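Have a look at this one.
In order of appearance the chains are A, B, C and D, and numbering begins at 1 in each one.
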Amino acid sequence: MDTRFFVTWMEEITAAVRAARDHLTRLDAAIGDADHGTNLDRGFSAVAEALAARPPATPGGALVLAGSTLIRKVGGASGPLYGTAFREAGKTLGETPEVSTAELAAALEAGLAGVRRLGGAEEGDKTMVDALAPAVRALARAVHEGGTAGEALDAAAAAAEDGAKATIPLQARKGRASYLGPRSIGHEDPGAASTALILDALRTVGSR
Amino acid sequence: MKKLINDVGSVVADTLRGVAAAHPSLRVDVENRIIFRRDAPRPGKVGLVSGGGSGHEPLHGGYVGYGMLDAACPGEIFTSPVPDQIATATTGVDGGAGVLHIVKNYTGDVLNFEMAAELSGDEGVEVARVLVDDDVAVRDSLYTAGRRGTGATLFVEKIAGALAESGAPLAEVARVGREVNDRSRSFGVALTPCTTPAAGTPTFELGDAEIELGIGIHGEPGRTRAAHREAREIVRLAMDAIDDDLPLSGETLVMVNGMGGTPLMELYIVFAEVAAYLEEKGATAVRSLVGDYVTSLDMQGFSVTTCALTGELTRLWDAPVETPALRWGR
Amino acid sequence: MKKLINDVGSVVADTLRGVAAAHPSLRVDVENRIIFRRDAPRPGKVGLVSGGGSGHEPLHGGYVGYGMLDAACPGEIFTSPVPDQIATATTGVDGGAGVLHIVKNYTGDVLNFEMAAELSGDEGVEVARVLVDDDVAVRDSLYTAGRRGTGATLFVEKIAGALAESGAPLAEVARVGREVNDRSRSFGVALTPCTTPAAGTPTFELGDAEIELGIGIHGEPGRTRAAHREAREIVRLAMDAIDDDLPLSGETLVMVNGMGGTPLMELYIVFAEVAAYLEEKGATAVRSLVGDYVTSLDMQGFSVTTCALTGELTRLWDAPVETPALRWGR
Amino acid sequence: MDTRFFVTWMEEITAAVRAARDHLTRLDAAIGDADHGTNLDRGFSAVAEALAARPPATPGGALVLAGSTLIRKVGGASGPLYGTAFREAGKTLGETPEVSTAELAAALEAGLAGVRRLGGAEEGDKTMVDALAPAVRALARAVHEGGTAGEALDAAAAAAEDGAKATIPLQARKGRASYLGPRSIGHEDPGAASTALILDALRTVGSR
């Protein structure tokens, strides 16, 4: 996976977030403050612009630029969290021009660690971690089992999607939804849903 | 959705243009979205910076001025500002004595202010922080993101601002800010949801005989839904929640705050009941505010915030302040 | 209908109890429904009395205090006060220099204040009157009850109040009040109707894409219904109506007033457009107010009021004032 | 018609206004400010109380007390107008203990004159005058034609009722409804409607 791959991934996320904007905002309206779709739409539009204006030289550079842009443009909880995830992932990739599935798995693991460190959420707290953590695990397992890149990205996307849906019955313990206590049960976490979307975009780009 | 806006995308920028046109005592950086005191930075004075999502007006821009904030950073609607913006405000108000960040306890606000503090630290600005978490509707436990910051933010900004104006050092200003927060409690009630321009539909549905108890200031549903009832009884529910958490007594600063769509008449009716409740508990509302101070767009409802005063806090509360939304003594 | 009230019948009394509890600088006669300045009557000072229906808060009680009104008489919701009440207020604030009645031009207000003036005259109090009729939506002709008094009431109260505070005689205070009214114009727009507690249902129906142009402050429909549109265009309609009636130019005092349910954010967006419009006409908003000053319960919408300033009017506007809703210089 | 008659008339109005309160308020909501029913309900309740607390000695005394009470308790446009109407009517009756139909007609004529003087409204302006003026004329005509008291009061009530309905197609030129310009057309004037009610109460008491 080369720089172009990562840039295309970001563009794919931008398009997917734009299409899902109102859906994500509605999820956030139910247990949060109705801005998650607008937040990510604003953020990833800026990411696409930044990547076009300052084309990165490496995969890592692409992710770091995406992450910094999210931090600069999004605000809210998801801005610093996603921004840090992409930055940490990008920094892990260093200067390498071509990324293996194993390296990608390590990078996403670093991204997850960044989210955990910053937000302090565990799996089961009904946050983006509930989608990201199983995706990172699935990716690592696929690498370990020696599947193709396509299979690995499929597995990661499916795990993220399952993880997002699995947040529905949970009571939130982090973020705004936690204020609702038991009333947060029965709704999908918007951040977990957008994480699933991000990994779905990765699968899409991988399958081309 | 009917709103007096030009475009969903330009709401915050258009608001800032209006603030700039209306208040010559402020300097508004529309591009970076910062509302400065015109005379900032003031050499030797601790700078005060606050900020948060838009949609809570007059919070925070309405509290920029003499004796209160040096700068406010409005984010998108209900979305915390971004680190660069906060850092620019922070370096912009540093008069050499350091800067206090007044941050409402929400994951987004906390993270973005933290990042901004790091950036400002890199530029050599000393930054301290007061975290406001006064809302008793949310338990502060391992199972929540902690209490929300709501009405007490204004108390912290006013009182810390007065101390900063007197030339006190950063540690002292932060200390008094934390003390105000520790002595303050809030509880909110909604009669209707609000509608963000971007979502276009109300953030929740509420029947014609229902109210939400324990709401925050971001249009989220409350802790519980209840049947609508007399103002007197609603006030009792709110005040009981506050009193259970920090027993009311003595000289108290009280704010009855409208959520944006509540007629002032109703806020006075609520205040009458709040004052009566306090008296029952042996407390007295010696200082008070009644009006729209920390809002949620067009939501109908109110919040009550109390602060157990000390001699020092009363003196600082009474000190002159000159901002668009709070002004006395000048 | 969901309102923060105890009982439809006690709304005004409960509001007055709240006002009394919140503002120690006022003396509230709940039984007679009069809000007095605590230090009224002031010997030798012309007394200022205003009043009108309730539901317009902070008008009028919020403008009682140093440099503005000596007493306010709230009637039932949207119903003018009664003669006895006004007469009691009038004799109660007479410091020997006579009393000015500031009356909004509505049949009910005019008749009741007239009767009160007669009663007060019988008691030996000299009474003069300023009739406020600033609303350009209504033509002043044989075919109407004349223009309505709306936003300019506050300008008249502030400026005449400042002159009275300086010790000017009744005729002078009345003269400046009339001058303010002559130089002021208003226009109002509603996005939603309001609901009076007694009626329990909205005063009119308005579609999701409709607005009412040329509304008054009593929940009545406007002169015309129009399609909802950008704030910029709505402001243009309002400002054109004002400018057609009295061409805008020079130094202007401007109020963008919320009708009670409008988020402050939207009022700032409106103000930005108003300021831009003025500039286009070669006028400048040298003094301004943005907020809820003359409301219609929970109505969403706004009104704009302009006043062509003179040196004297600007000086009097800037003079110190200390009331619950308007305060500076003290 | 003795003092008792006039007191009963006021009580009858009180009951009728109470029953029609929401209807009058709705009429006022359409072209005014939605308070006419509450205004008159408050006013006539106070009238009933005042008459009970200070029983009048003469018909004129009953009407003057009713009028003064309305002025003291109602506010708005209708308070001074109705108050003056009853006061002027009562003053015209002087100290007489028994009122003839002709005297009643003269009294109501004086009441109408009071309303006209104070409010400046002509017939056709879409106000209470549009119900009161034809009622006064009908009463005078009946007296002139020598009918019974019952017939005279019937005629007055019918004329008031017709006058009220006839306000529907009019454009208002006085009071709040005039602010609406042509939009006031198509609605019955609330004050004209309450005047019809007052004269209907008179007929009811007369027919007992």
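In the analysis below, a contact is a pair of C-beta atoms (placed from the backbone, for glycine too) under 8 Å apart; a residue touches a chain by one contact, two chains touch by 3 or more.
Every value quoted in this text rests on a predicted model; they were computed, and no experiment measured them.
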> Can you give the whole-Å distance between the Cα centres of subunit B and subunit D?
Replying inline: 54
> Could you state the distance in Å from the CA-based centre of subunit A to that of subunit D?
Replying inline: 75
>> I'd like to verify one number: the distance from the centre of subunit A to the centre of subunit B, where each centre is the average of its C-alpha atoms, in whole angstrom.
In response: 32
> Distance-wise, how many Å sit between the C-alpha centres of subunit B and subunit C, to the nearest whole number?
Replying inline: 29
> Which word fits how the chains touch one another: line, ring, star, complete or other?
Replying inline: line
> Between which chains does touch occur?
Replying inline: A-B, B-C, C-D
> For the complex, which residues does subunit C have touching subunit B?
Replying inline: 1-7, 11, 14-22, 54-55, 57-58, 62, 191-192, 208-209, 211, 228, 230-232, 234, 260-273, 275, 285, 288, 290, 292, 295, 297-298, 300, 302, 322, 324, 327-330
>> Quick check: in the complex, which residue numbers of subunit B touch subunit A?
In response: 53, 75-84, 106-108, 111-112, 115, 137-138, 142-145, 148, 196, 198-199, 201, 203-204, 216, 218-221, 223
> Mind pulling up the subunit A residues that touch subunit B in the complex?
Replying inline: 25-26, 29-35, 37-39, 42, 71-81, 118-119, 171, 173-176, 178-181, 183
